[in-house]
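Below are two complexes that have chain A in common, paired first with chain B and then with chain C.
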Partner chain A sequence: MNTIVGRSRWTPLLFLAPFIVTFLLFTAYPLVQSVNLSMHQTYGPKTSTFVGSGNFTQLFSDPLFWKALSNTFLFALGSVFLQLPLSLGLALLLDRPGVRGRLLFRLIYFSPSLAGIVFVALLFGPIFEKNTGLLNVWLNSWIGFDLEFPWMERHVMTGLIVAGMWMYVGFNMVYFLAALQNVDRSIEEAALVDGAGPWQRFRHVTVPAIRPVAGFVVLLSIIGSFQLFELPFVLLNNTAGPDNRGLTVVMYLYQTGFEVGDLGYASAIGWSLAILLMILAVGLRLVLQRYED
Partner chain B sequence: MFTLLFRSGDYLPPLPPIVDPEKSPSAASDELLRSPMATTVRAALSPGGWVIVLLAGLSTLFVMARAGTSRAGLDMWVFARPHHEMYLPNVESWNANQDPDLNLYLLSLPALERRMSSGFLSDTPVADLIEADVRVASRAFTGPLKDVGFLDLTDRIRESGIDEEINPPSFTPWTSRGRIFGLPHDVHPVMLAYRADLVEAAGIDVTAIETWDDFIRAMSPLMADEDGDGRPDRYLLNVWETQIDTIEAFILQAGGGYFDEQERVAINSEINAKVIATIATWITGPGRIAVDAQEFTASGNRLKLEGFVVASIMPDWLGGVWKHDMGDLSGKVKLMPLPAWEPGGRRTTVWGGTMLGIARSTQDPEAAWEIAKHLYLSEDLARQLYESNGIISPIRRLWSRDFYDVPDDFFQGQAPGRMYIELAPSVPRRTSSPFNQIAKERVRDALTRLREYAEKEQLFTVEALLPEARSQLEAAHADIQLRVDRNMFLKDGAEGQR
Partner chain C sequence: MEVSPTRRLWMALTYVLLAVTAILMLVPFAYLVCSAFKTNDDVFRSTFLPAGEGLLGADWSRLTLDNFRRLFTEMDFGRHMLNSVFLASVTSILATLASAMGGYALAKFSFAGRAFFTNFVLAALVIPAAVLIAPTYQLLYWMGLLDSYAGLILPGIAPAFGVYLFRQAMINSVPNEVLDAARIDGAGELRIFFGMVIPLVRPMLGAFLLITFLGTWNNFISPQVVLQSSEKFPLSVAISQLKGVYSQDYALQMAGTLVSIAPVLCLFLLLQKEFISGLTSGAVKG
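On to the complex of A and B.
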């Protein structure tokens, strides 16, 4: 009996074919094409002129690109240094033994991330409004805060970081909580018996145990931050806000490619962002590896 | 672990043979059935596989059937619901009496913008006739003239004498490099809408107001702090550094602009500097008179309803919006010509605009042109346009019609149509530069930085702010110039590779 008949040498290829065809068509080809595009000035896909590295040269002297990059970095810093510690703090609270209603709290904290970003932006718009916004009215009645304080004009990134925190703190908390629940309790108990205090136990037992998950969450957070688009776009009424204070790299890419029609320059922005993210991801990996070593 | 499991194909259990050669009726069919492809296909298409193939087949048939149901005739896209409702009876009468039929579609403005842009940029299908607003239409003028997605209507307009019939400034937003690409829908002159109940109660005579300085002087008693909370009970004018359309309207009124008639960048002009320096003194410092009560927002409407702002600039189309959104203001508001920047200066400006363009890809340009004229030159539609939306027609021969003289209770019995028509010939000219939107944003940024500078240096007079205003506008000018210079398709005779 020849069992090879049932699975010929073509069988694996046939099963892989849908993925390979889809990958080549929708990932590999557009990638190669976008490299080509980044070396052209275009008006849509049908009219273009080769400019070589001109788009990249222009990009590095383009103040708007640097503005977008610094805004995006600021949001990423806010995500990593404000949002993630808060997520970890909530996870630690929920991980304490004897916490009642853990499932309910987990659901409550996680639920904002179920809402779409556009919905969140629409929600925060009236909150940050001048004169009639919920935040100013509440602060005014509480501490006499200036009703006309323009959050979305002068503190755009603060507003975006707060909205981002509201949305993603619970989401990241779930990762941390899962990691905390996998920490070996016997090691913690041994540390406790050896007289380690709460901070020492956290520092020397918990943190090393959750480091792989924390690294993953930091990486996700950085990549997500650098893709920030819908939140400022909707919150600032399809603009980048006064003095481009809400301009992010992806928003600049969108404006250039789809509002101005220069797909070549937009491709150059996209590739610059991709290379930057690759550098950040490799850098983070090296840092984490150093800690593990 | 993964490598361990899958390093060798031996880990996979052998599949049972699907074809038993010993039981096949003939050697030929045995050979066929045993071919690797046949075996693979038979193995792959389990009952679940057949269901997927069936669903794929059915959905393909469904899509093909739908693709064949497109209606005959020409298609037209509009973005404004009132326009759609207004055109429907006319379209029905056209379809009953003329050929080819016209199919009218209402799209949201962003949807129309994206479909139009992608269609023009990459030759995907678009409607034969497209009604576009001033911001959307200028997108079509970014590339070489031969690639503008709208049909060049210049010769048709001149031959039919329409250029003589329509208010000249109404053509300018649809004219690129000397060629006209759309029929104007409107004029959109601007007046000042003010809270007559408050102004008259304070005994202020608005007829004595000629300039913005007069306006501030006459109206300032309304800014008293009678409730003693340390801030004025109300502000005089609705304008803010973020209101890019309002800022542009003020600049155009003063005779400035972002591009000259040859579409060269003109942001760094002295007029523009004076206007933004003046607006900066209106929005900050001890001479502040303005507040941000944006149109189309609940918070802005609330400030207007509460009387927190006395006056707003109002193009003809905005009256209809106020009536719909703030009916409680009926009988409390009146209109007056805008105060001028200088004695004897222009008493109006322009804000917004819509055109009807014919897509270059249309199969029947002559029919599309006839339909465009039927809709846009109709007296009946001009009357409906005014009665339902307050918008005056750009066709000058219709300005004498008496429907523009009907008193409006919302404006305390004034006849807004007649008032707007008197100002229509003075509406400033605009350009159709595709960089207009980004220029508006840069000037807004310049004003924002100027306001910050004023607060930091505690300088709150126009004269003191002028040098900084010039410097900020110079930077905005340089930025836009850089972008214009980069666009080699806008240069004379430049054509890209196809």
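On to the complex of A and C.
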């Protein structure tokens, strides 16, 4: 009996051990240390000076930080307000009763998100070229768009929203589609019998049913958008582009931490981003709760 | 059954919209494949295949394998590909195993501290990666793990996300009676875990393995920060360097990109059903 009692006491902890050990070492400790680091100025990983809240006051008056923040914000706005409605639209089309080839369409829409973001950046390099790039050539032949339109030279963030849309529209659609397929058909049919039109059915049956998933997808794309880094960094050949037009918050963190070597200032940037994301997440929850009743 | 003309019109419109979107999604891939087999001059001269007299109005004789030859002979892409395969396999297998173990402990044992550790996992889920980059780099420096694969693999061994997913999966799909019966029969805890629990969550296991494999394969910022010697670079870092050095050689870049994404696309095509159901299971049911 003794052995069984002893075993059942330690067994769960042994199963949990890999998580506990790596969590403490590579998440909990760095988390605490990043608070400490954010109050230091460092030169590489070795030497540092205590500056208190100096990093944060400097950050608030740092034009590059504000530039990075506004660029990132623009990308997030594009993701949430252009990309997600398209994802939902595609999911609604695919969910129409009687549509054939649903699995094939879903597979095609989803496939760009499998290509890693670095590789997508490589792929869009020639696509965004002036004169010879696929995008300008096509837009020119359809709507007479300017062949010389300088995507990566002047309109980096707009280009990134386009590339991001290609990459993630299907990814987000998969979530919407899964939610739509969980909608109780009998409620929909009851609404139909009661004489509800398409818009009323959408507004009063579909929307309430997919709201939790929609909230999750919005949160996921806000968090994802605010961590934008590789796409502009690689597209612009490991720089922030002309006049820092492609600078994002995480790219600025990378530059200060690993090109300049100030891990302290980089941590302060990291924390600013984390706090901003927490505020946005709480805000989103409050907005969704208001619609709940 | 009679189908009304308006209904048919709506259906036709639905298919047109779906097909146009599908084409827009596939065109960049077609562009990628075509460009990888062209000379760099032809990349600038033609959008897809070089124009000519052959089948489909293309000049097939102008296509070349030279980009791939250069990748594997001059740029050591074979090495980088092996690095990616190694990093992604080791990380995904260890992470899946550790996550399944952790999820099992939280789902199927009652012990002092279970609630505490469950909250731990939930709290870890919301920590943004950005705050961990700089201190983790410093920690790896102190541990002497910079420029080593251990420095890349160890921090990803037991992701909270995985522990949470497996906990959710196991609460419902692993019946307590089966575990108790096995214990009464005298089966050891490890045998119960590998022989009974793991088979019961196989779909989840496959999906998570694939998700972490893809995540590691596509990861850029960690190897970019941690690794210094170019012979250790995985494809993601190697190709960004290639783009920097040969910034106008798009044919070479596209060949490298094709080589980098083709393996994961094939892997996904083989396992896509498990993957998508695993991806959405937590979100839709929870």
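The criterion applied here is as follows: the second predicted complex is superposed on the first by the 276 of 293 C-alpha atoms of A that agree within 3 Å, B and C clash if a C-alpha of one lies under 4 Å from a C-alpha of the other, contacts with A are read in each partner's own complex, and residues count from 1 in each chain.
Basically, a residue touches a chain if its C-beta (ideal position, glycine included) is under 8 Å from a C-beta of that chain, and two chains touch if they have at least 3 such contacts.
These numbers come from a predicted model, not from an experiment.
**Q** Tell me the contact category for A:Leu122 with respect to chain B and chain C: first, second, both or neither.
**A** Second partner only, chain C.
**Q** Regarding the shared-chain residue A:Ser70, is it in contact with chain B (first), chain C (second), both, or neither?
**A** Neither partner.
**Q** Of chain B and chain C, which one contacts the greater number of residues in chain A?
**A** C
**Q** Which holds for A:Glu259: it touches chain B only (first), chain C only (second), both, or neither?
**A** First partner only.
**Q** Classify the contacts of A:Gln227 with the two partner chains as first (chain B alone), second (chain C alone), both, or neither.
**A** Second partner only, chain C.
**Q** Looking at A:Phe216, would you say it contacts chain B, chain C, both, or neither? Reply first, second, both or neither.
**A** Only chain C is touched by A:Phe216; chain B is not.
**Q** Identify the partner contact of A:Pro242: answer first if only chain B is touched, second if only chain C is, both if each is, neither if none is.
**A** Only chain B is touched by A:Pro242; chain C is not.
**Q** Regarding the shared-chain residue A:Glu153, is it in contact with chain B (first), chain C (second), both, or neither?
**A** It touches chain B, and chain C stays clear.
**Q** Using the superposition on chain A described above, determine whether A:Gln289 touches chain B (first), chain C (second), both, or neither.
**A** neither
**Q** Let me test your reading of the model: by the given contact rule, A:Thr49 touches which partner, first (chain B), second (chain C), both or neither?
**A** In the superposed model, A:Thr49 contacts chain B only, not chain C.
**Q** Taking the contacts chain A makes with chain B in one complex and with chain C in the other, which residues are shared?
**A** Residues 7-9, 11, 15, 45-46, 126, 132, 258, which sit in both footprints.
**Q** State the interface residues of chain A toward chain C in the complex, per the touch definition above.
**A** Residues 4, 7-9, 11-13, 15-16, 18-23, 25-27, 29-31, 33-34, 37, 45-46, 90, 93-94, 96, 98-99, 105-112, 114-119, 121-127, 132, 134, 137, 166, 170, 174-175, 178-179, 182, 213, 216, 223, 227, 229-230, 233-234, 237-238, 249-250, 253-254, 257-258, 263-264, 266-267, 269-271, 273-274, 277-278, 281 of chain A touch chain C in their complex.
**Q** Mind pulling up the chain B residues that touch chain A in the complex?
**A** The contact residues of chain B facing chain A are 14-19, 34, 36-37, 39-40, 43-44, 114, 117, 120-123, 139, 142-144, 147, 241-242, 291-292, 297-299, 302-303, 308, 434, 437-438, 441, 444-445, 448-449, 479, 483, 486-489, 495-498.
**Q** Would you tell me which residues of chain A are touching chain B in their complex?
**A** 1-3, 5-11, 14-15, 41-50, 58, 63-64, 126, 129-133, 148, 150, 153, 239-240, 242-244, 258-262
**Q** Applying the document's contact rule, which stretches of chain C touch chain A when the two form their complex?
**A** For this pair, the touching residues of chain C are 11, 14-15, 17-18, 21-22, 24-29, 31-32, 35, 43-45, 47, 97-99, 101-102, 104-106, 109, 111, 114, 117, 120-121, 124, 126-139, 141-142, 154-155, 157-158, 160, 163, 183, 189, 193, 214, 217-221, 225, 236, 239-240, 243-244, 247, 250, 253-254, 256-257, 260-261, 264-265, 268-269, 272, 276, 279-280, 283-284.
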